[in-house]
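Paired with chain B in one complex and with chain C in the other, chain A is shared by the two complexes that follow.
What follows is the complex of A and B.
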């Protein structure tokens, strides 16, 4: 017996040691994953800064690095180079950064909230509502000035999202039903807009201008009016991200963990509406970015919303700036829509990602 | 609720709800068809329409009914049924209610192909569309294939291809001159204006050829909606089945595009509406085909109602389908809450 117990004891100790070392390995792996995420985020931030500097420097009018530094640090309103940088390129760059980050974050939240890889912030009825707002305002009240369009688009987007939430069964409804209602209502509004456009030439002129969007008309005034919405949306998104991770386990599991499912969905919805409708108000309906960017971010960050949301923001801002820069390049005639460009860049990237990951995502 | 019906050696399950839904949809479709036959810029009474259709009316009425309205109605029904079938199949296969057949890249490829053909040759729109769509669908399936056809990867690759090709089409459209661009914009919305009897014959022959295969695939499709492991455990060969479903869906959409252009929204909306009407867990393919036909015919009728503009039917597809779907969803949500 003694021999037996003496013989057994080392085995147990071995097993204990084994467990301990396995725990160590797990912790080390987790730490390594955390470190690699931090490194990825830092690296993409650095790349974003570099890209922004390039976007400020490149353009129709040649500008040197010295001009750039001076325009940012000690602005002289008489120098034409510095005027170009400060008055044209800087608002455009900030607009692209804000729009890309907003759409990326909204897309990550939307896909996390609905657990559907095809979800896009536009599916909550925001883009369609904004389009209907702009067209309705022009058609019924003759409001066509760009400064009025911002508020028409913002209000229309919020109203569209509210209608989708109400008809899709509210915050308690299953995500699939919400998405179906959103897609159906969006299609309905857009079809109505298209019908109106075919009948009214004046609306068509306004709409054509608005739907092209882009960042050429973004001024410091627009940015000043809209940045509080972006800031509030980003804060709400970070708060919602902590709750949505639990939702990804399924509603019952989330409820078991003490998360209020309805409240979490409402907070996420609020963040999405704030970010996406202020983007629409600023730059028109930019499709695709909210759909592609979360997938790219997920490839770098896995499924951890608290990391995913900032990462999607940085990636979105980068993609939008890159698309804006490429769209201005002489290769595409110098005036390609940023939305089209982002689809041309992002589509192949998405295919490559989907193939590279060997189905790990499912 | 299910009852078994036995006739001699044959035994089949009989579910009253899907049967009633299909009957109701058929009646709705028939009523719409009759309305579309009688209503138009040259008004005919019901009696005159009947006489013209049976060949006893005057020559003008006979020409209008038999050569203009009837082919248009038949084409709408055929194209709509094909789109409805394809939509319900792909949505069930990918287990995602948002995954219309566009996800396989066919429609985006068809648009880009049609634009390219119109720009380079000035015609051959339908040929370019079919070639572009088929090429894209093959490329998407090949890119997503990796020892099998994973639903998630197929969706992602499809989305990527759709975005890229959609942007390419926008780019091509910006190169075209104003007249071509306006013509192409009309074709790209999907129109049923001025269909010939040949179009109707093509649509119905294609449907007769493809729908038996679709209905046969409906049996394994109901089980493919379960999880991958469960479906494989039931003895389904998932990769082969998915390939078959994708090929059939592409063929059906190609049929619809060749006679009516890329009608939007019909393929997306038919499956969810049919499933809510029949309240069964399976793909409800027959009901989805009937829904697609009803929506398309309704859209075309609505497009004809607007005078002087000759709006393409594609504009109205969403207006005819979306309110129905939203209403059904709303009822469902309310019932669950009570």
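What follows is the complex of A and C.
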């Protein structure tokens, strides 16, 4: 070994050895990190299954495991316990799972696409558009039946989002312009809704019922009508995930990677609109879930959309189910809305996450 | 001219501009295959615009950019990205990414909804990390790296695309001198060992003379001189292109021209 006059070579050799051992440690940590994301996702799935089973069993009329299994595998429509599960709790549970997953995924896409950690599907004008659709339909055409409301909300939400995209600049839309257009149009829609509410008592009744939302009125019919929209939205989200990851590196970098920027934004937007409008059509406007769940998912999965999308889906479904279950517990009089409960659970969770992150950074 | 003798990336009479301002006016330029080309010129001479047009990041208003003999904007962007990688000027990554997360995104043009992560992707990422000298750092968060390491991570992302041509827009910005030298040495090594054709915008003419095989000097959206460093980096050209009175000597260590401002 050549040693120069300053005796630098031995120091370098030491550093080299040190580097090698550190490399091994890092490689091991990296392998663990890859495994740990998969393990975290699997564990969350398992927890979700358990939570779902619990949600089916618990309630005013607790049902045993045997009856639960029976109701799911070999339904006996004469057994009252099984009827409770099949006709009441199962649609409610599936509704909560779909809504939570939809909002979680839509929120993750929103925050990834706009590079804004406070973005939420509600900001795209979807909730306000859906409210305007429901109230407008009730007022103008007297369409107040729940089965009609689904389509009014779905159409209103999609129209609201389309208007926001168009106002925000279409395929050239910048995130900032989108958020501004969303805020402006939401205010406009809500002003319209308030106007109609003042004019018509019947609209007010419909609105009061609709805006509280929740999963009590979710039926097999609702689910049958809406599940294709959820499925299409989830597929579009998975297809958009890698494109959003590339876009997060900046538009030039994304174009250099062969991504068509406008097309990628449109695909992600389509996924967000499908998921968020179907949710608001099914359960009314549920705030907060779309905002909080992506933060929880990022804490577990880092900033990687391909992992974030499924993880936000599972976390969202879990949070919504938990909120729904807690809302029905005697502690809250047995009838607290799931949307209220999700905010009660999610709010402190968000504060805790923000504080934990601050601690890490300082 | 036969297809064979043509360089893979060339601009034919391209005009590029923004509303109200023409930056490049009917410029023609070849990027020589298998060489390191440096594009130099004073601020606002259009060098970044030229590079971005060559990489189809901005549309041309006239003329065309040819990649492998065909207009680049007529080819599928994903297909282009498998042959040509571009590192934009001072790129920014969102927080919460590791080096590996970033480098894996270089595989985007090789993947699709139906064809997700594969063994070939994993191998390309490993290769890119090792070429950029980042094997030991792959699990580090990007924001904990030094500027030089971070820039190498971006280069590794471009290498993960498996490109044959690499374009870089001022890759040495914000780096201190040792890190600039290290990065340019890495780029030249990629050219020599991996056969990569490189074209980069550089601010520093001396560094360009030291590390490039071919230098293109721009002024006011036009090519004023191009050729090997010894032919382009002369007192005359420096005066003409940069309006810089100077003496050019032969660098006694590397034998390249070296500008000494008067």
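Before moving on, here are some points about what is shown:
Here is the rule we go by: the second predicted complex is superposed on the first by the 328 of 362 C-alpha atoms of A that agree within 3 Å, B and C clash if a C-alpha of one lies under 4 Å from a C-alpha of the other, contacts with A are read in each partner's own complex, and residues count from 1 in each chain.
The working rule: a contact is a pair of C-beta atoms (placed from the backbone, for glycine too) under 8 Å apart; a residue touches a chain by one contact, two chains touch by 3 or more.
Please read all numbers here as calculations on a predicted model, not as lab measurements.
In the superposed pair of complexes, A:302 makes contact with chain C only, with no contact to chain B.
In the superposition on chain A, contact of A:64 is made with neither chain B nor chain C. By the touch criterion defined above, A:224 lies against neither chain B nor chain C after alignment on the C-alpha atoms of chain A. Contacts of A:262 after superposition on the shared chain: neither chain B nor chain C is touched.
In the superposition on chain A, no contact is made by A:80 with either chain B or chain C. After superposition on the shared chain, chain A has more residues touched by B, the comparison being chain B against chain C. Contacts of A:238 after superposition: chain C is touched, whereas chain B is not reached.
Shared interface residues of chain A, touching chain B in one complex and chain C in the other, do not exist.
Contacts from chain A toward chain C in the complex involve residues 19, 22-23, 26-27, 29-30, 33, 115, 238-239, 242-243, 245-246, 248-250, 252-253, 255-260, 298, 302-304, 306.
On the chain B side of its complex with chain A, the touching residues are 96-99, 103, 143-144, 146, 150-153, 155-157, 159-168, 170-171, 189, 264-265, 268-269, 272, 306, 309, 311, 315-319, 321-323, 325-326, 329-330, 332-334, 336-337. Only residues 116-119, 123, 167-170, 172-173, 176-177, 179-181, 183-185, 187-188, 190-192, 194-195, 198-199, 288, 291-292, 295, 332, 336-337, 340-341, 343-344, 346-351, 353-355, 358-359, 361-362 of chain A touch chain B when the two sit together in their complex. On the side of chain C, the complex with chain A involves touching residues 52, 55-57, 76-82, 85-88, 91-98, 100-102, 105-106, 108-109, 111, 113, 116, 135-140, 158, 161.
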